[in-house]
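Shared between the two complexes below is subunit A, which has subunit B as its partner in the first and subunit C in the second.
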Partner chain A sequence: MEKGVLDMEVRPMKIQFNAADEALDKKEAGKGKQNRVNKDALTTVLYPVLFGVLILVLWQTQLLHRILGTDTFTLPLPGRIINIILANVPEILKNVQATVIVAVGGLVLGSVLGYLLGIVAMAFPKWGYGGISIASAFTAVPIVAIAPILNNLTKDFSDDPHVRSMIAKTLVVMITCTVSMAINAYRGFTELKPFSLDLMKSYAASKMTVFLKLRVPNSLPYVFTALRISVPASIISALVSEYFAEYIIGVGRQIRESIVLAQYATAWAYILVACVIGIMMYAILLVTEGVVLKGRRR
Partner chain B sequence: MDRAKRVFSSKQLVTLVWLIGLVVVWEIVASVVQQTKRTPEYVLPHIYQIVDSVFSQNLVNGSQTASQVVLTHAGITLARAGIGFLIGSAIGFVLALLMHMFLPVEKIAFPYLMLIQMIPILGMAPIVLAITKDIDKSRIVIAAILTFYPVATNTLAGFKAVEKEKLELMYSIAASKKDIYRKLLIPSSIPYFFTGLKISAPMAITASILVDTLQGGGGLGCMLSQSLKHAMSIYVFWQIVFFSAIIGILSFYLMSLVERLVSPHTKVRR
Partner chain C sequence: MKRKTAKLAATILLMTMISITLAGCGQPTGTAGGETGTPTAVTASSGTSDTSAGSGKYYDPIDSVEYIIKDAAGKGKVGNWGLGNEYEVQALLAKYGQPITFLSQAFDMDGFDNDTILLASAMTYNELGLVKNSYAGGYGYGDKVGIIDMNDEGVAMLEDNIFCTREFAEKHPNTVKAFLYASMKGWEYACNNPEEAAEIVYKYGSSVSSDHQAYMASEVKKLVETDTKGNTVKDYGRMDDGALQQTLDLAKQYIQLSDPAAAEKLKSMTLDDIRDASYWEEAMASGGQFGPLEKTSVAIQLKWLPQAQFMGYYVALDKGYYKEVGLDVTIIPGGGDIGETTAVYTGQVDFGVTWVSNLIAANAGGMDLLQIAQVYQRSGLVLVYKLN
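So, the complex of A and B:
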């Protein structure tokens, strides 16, 4: 019980951003205890699936179009969207590759930088944490404003517009991912279990040992908390930075270009692809988290 | 508590030093840029040049100065963002309430709330524009969508975080369901509700600006892209960057302020 209370206290960031996951964890835990799992579990799966099917049926029978006051031109039927995806696999893969490289590259760079900043902030708490809290204010700066600046800044980095757009986009993603990692890493380094630091002192452990054996392991759950925020954010900022990039490539850019050309069905195909990328990256994160933090939580 | 106080007393100092540091770094980079690039004001102008442009009387589009342009279009953008934000937070709160009251609703909505936070909604902005066919409506819709799910998930978490003992007390005094919601559940979910608002306020503004860039018809984003395309002074762009940054940050603090006004008794430790 006491452990549970502690967990709640040291992970407020997670509650803030992923209240949904938290509630799900709890629900699953509760379900395990009760034995009328069958009906409960069945409805948990059945209700959302039925709802999804209902929407799809409404969509396919064009009732949805009537509700939204639109037509099959702007909101094509699901079958048509799937057909377009299947017909354009190589083209779509090329754009997916561009977007995923930017999103993952920026995510990795930003997270590593954020983690290092967290270490710096831990070493110099007063000034470091002040710096991080200022940086966190800058996360409110819209991506829309950052993307064009970086585009201009990176104009001379390479003669190939493809390469320099990639650099600019990756930098945008990196900036959006750094701060949440820095804040969470700092919390992970400093919000230790009570008395664990005293225990380390009683062993006469050096600062390095305390860092490697206590602080780094303690920071791992916080790293995943940060990633849960920055993985979706990285994809969004990758898509948005593509809007402003010089070189026309990427899922986000294709959505926009297709709309400009009034190819709404193609745009929907790319939207579906973007959603799948988002869901898959989040799923990969959750699986990794499950493996890495196995036996740690609960 | 003591430590918190000490941090607070020196916090302004730390903040100030960091801000000065940022300005110094900016100026150094700007000087380097000025030496090396052909059009430095497109890459990184000096801060004083930007400040200068705010007060400059030169007309940038025939009838307005740079800062007038920014302010009028900011009004358009922010009004839409604000409406969308209000609608979104109302929907989010009601949805959370319904989810907590009726189990089937929770079961239906919950997986979709999870999914929606993994889906890049901003990427869908162009298609929303195509469906609504009206830039104002699409701004409102996108801002509302981006607002509603952080609010819904956080408020739901607030309902669920109510201590069991308090609920048991309510049952033991035979409080009606309405009273339980009115006197216990809703008041205790307010801090969580505001957490949701704080997350979504800057998002709503970002969304509104982004939607602006998609089509003409006014708004900060529209001016931003025009300025980048050399249609008017580049300083309009820099003013918008600073303005949107400041508004984004202020929107967060505005929510904290509203929270303190609405529920002065809840202490927030964040």
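So, the complex of A and C:
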């Protein structure tokens, strides 16, 4: 049972892992050439996995409890947590769906808005960067402060409490995702390769052509840099905004409800689910980045 | 000049973009939300959409409880706060053969006021007062509302108690008895002088107005001095096994635990797993004389904000009853997400006030909490509805 979940967490890396494993076998057999990349890949995957397994073993054998000075009630054993997940699959999936819709919806909206803001800032460089710096103050506003405010602001959006709390939560995620994208998109548009702009000028390229042929392609890696910040942030803000939502649904909300009702094992089950969502979304981002930016970096 | 125009144009562009995004984002997420709009066990989402159907038509004083519950449940307009406060309402719905789903009710009564909720949960000493009275924060309905009492319907579950961990009670028996003795003395004084008790609570910090505090004190007195059958109780804090057993039976039926291990434990729970009357009995028989106290500085965690719901403890503190028995007591208000069971279990505080059903759920989840006194002898939860 425990193995199942562990597999789920490392699945995105597993392919790499197997390849690296094979490479090692070959090397040991004295046949193939050393493959530097695969060896690096092996160690980068192996060490974290080993560390995870070590923690898991300490946890299940309760040594971890002794180190942290806690008990099996506050930190339930992994076996029990997995049991709860397996016994409540439909219920958990329903909550996961609500959380993922909010996180992805807010991420997309926030990123698109941020990219457009980046374009605006690039078009008017005199005040553009300063404007973005001011906008970045938004990220300093804690989610716990925005979430209840947006909850109240969206009260009239819909008669259905489920719909309006979804809107409120998505807006919170959107706000947290906008700024990092705006800053990075602006940098992507302006930090061009030396002389590339001069080259375009020598071709007498119009501003539009410069934008489409030079600036947009140049901004792509920066977009992914922004997404690397935004994706985890979107999950976190989705989870936190659920705390304040009117309608009781979502992984974050279940963590809260379980803790209020002193059901710590159930809370931990949802915490694990939240971790899996985060890891999966990040892995999807990394794979997408690898495909889109193939041959562009390094 | 040119720069100014550019600036102006950019500002306008920015404004429109933000407003378009803000306005536009409502739509896609709205539909996305609709797709997952399956009602959970806690909330019937269909209930709020047809506000027009129920408005203007309420209930008559001659309507039977059965008719009112079936009508409100049929429209999906029964409200409760959830978070462990819902079991009595669910038991009542089940009694009349209705599905046990309800709307998530906020901690104000606005939903009841604007007819989103036809049959709203209310505590006699708190929300019901706000609905009826017209002082600050009240809705001023006066006699234009009717109530369904959980005690009359036979689905009462006991609420505010005093508890600590079993380990603490076993290690500090004299402290526990001294604390119970002084607290009950405080409750006795508070119930005999509710107005003064309300003022004392107000002095120690209050979340509500002094008028509401006075109303609350008079209503809490009724809950402390009357049992579920309507008989007068003068043994403050006594544990009525009949009422406790009913609470436990209903809890077993309606507390839904996702954790299979906890659900198993709940099923096999008996009264001996949750309460021990011996400390209270010995405390009441002691006449204020205890052996050496094992711990003199103790704290009690309340379930909610400072209000007359907890007047006994504030009176005992203010009148020096705790000092008389040699205790230095700190009262820690609750509210929001503060879990009184967790606070006591982890040893941050020594005693706590919670509802018996919450204690049962916590023990099922793996805590070992022990109820040492039952302050409220009957359920304070009612369902309130408007009259035509």
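The definition used in the following text is that the second predicted complex is superposed on the first by the 248 of 298 C-alpha atoms of A that agree within 3 Å, B and C clash if a C-alpha of one lies under 4 Å from a C-alpha of the other, contacts with A are read in each partner's own complex, and residues count from 1 in each chain.
Please note the rule applied: a contact is a pair of C-beta atoms (placed from the backbone, for glycine too) under 8 Å apart; a residue touches a chain by one contact, two chains touch by 3 or more.
If you're wondering where the values come from, they're calculated on a predicted model, not measured in any experiment.
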item	value
Touched partner set for A:64, first subunit B, second subunit C, both or neither	neither
Touched partner set for A:286, first subunit B, second subunit C, both or neither	neither
Which superposed partner A:138 touches (first subunit B, second subunit C, both, neither)	first
Contacts of A:105 with subunit B and subunit C, given as first, second, both or neither	second
First (subunit B), second (subunit C), both or neither touched by A:123	second
First, second, both or neither for A:197, with subunit B first and subunit C second	neither
First (subunit B), second (subunit C), both or neither touched by A:248	second
Contacts of A:256 with subunit B and subunit C, given as first, second, both or neither	both
Which superposed partner A:264 touches (first subunit B, second subunit C, both, neither)	both
Common ground on subunit A, meaning residues reached by subunit C in one complex and by subunit B in the other	74, 126-127, 256, 259, 264
Residue ranges of subunit A in contact with subunit C within the complex	72-74, 76, 80, 83-84, 87-88, 91, 94, 97-98, 101-102, 105, 109, 112-113, 116-117, 120, 123-124, 126-127, 157-163, 165-167, 170-171, 174, 246-249, 256-266, 269
For the subunit A and subunit B complex, residues of the former touching the latter	12, 15-24, 26, 43-44, 47-48, 50-51, 68, 70, 74-75, 126-127, 130-131, 133-134, 137-145, 148-149, 152-153, 155-156, 232, 235-236, 239-240, 243, 251-252, 255-256, 259, 264, 267-268, 271, 274-275, 278-279, 281-282
Touch list for subunit C against partner subunit A, complex	3, 6-7, 10, 13-14, 17-18, 21-22, 25-26, 28-30, 32-34, 36-38, 40, 42-43, 45, 48-49, 51, 82-84, 103-104, 106, 257-262, 337, 339, 341-342, 345-346, 358, 361-362, 365-367
Subunit B residues touching subunit A - in the complex, by the definition given at the top	7, 10-11, 14-15, 17-19, 22, 37, 42-44, 104, 107-108, 110-115, 117-124, 126-127, 129-131, 150, 153-154, 156-157, 160, 192, 195, 199, 202, 205-206, 209-210, 213-214, 221, 224, 228, 237, 240-241, 244-245, 248-249, 251-252, 270
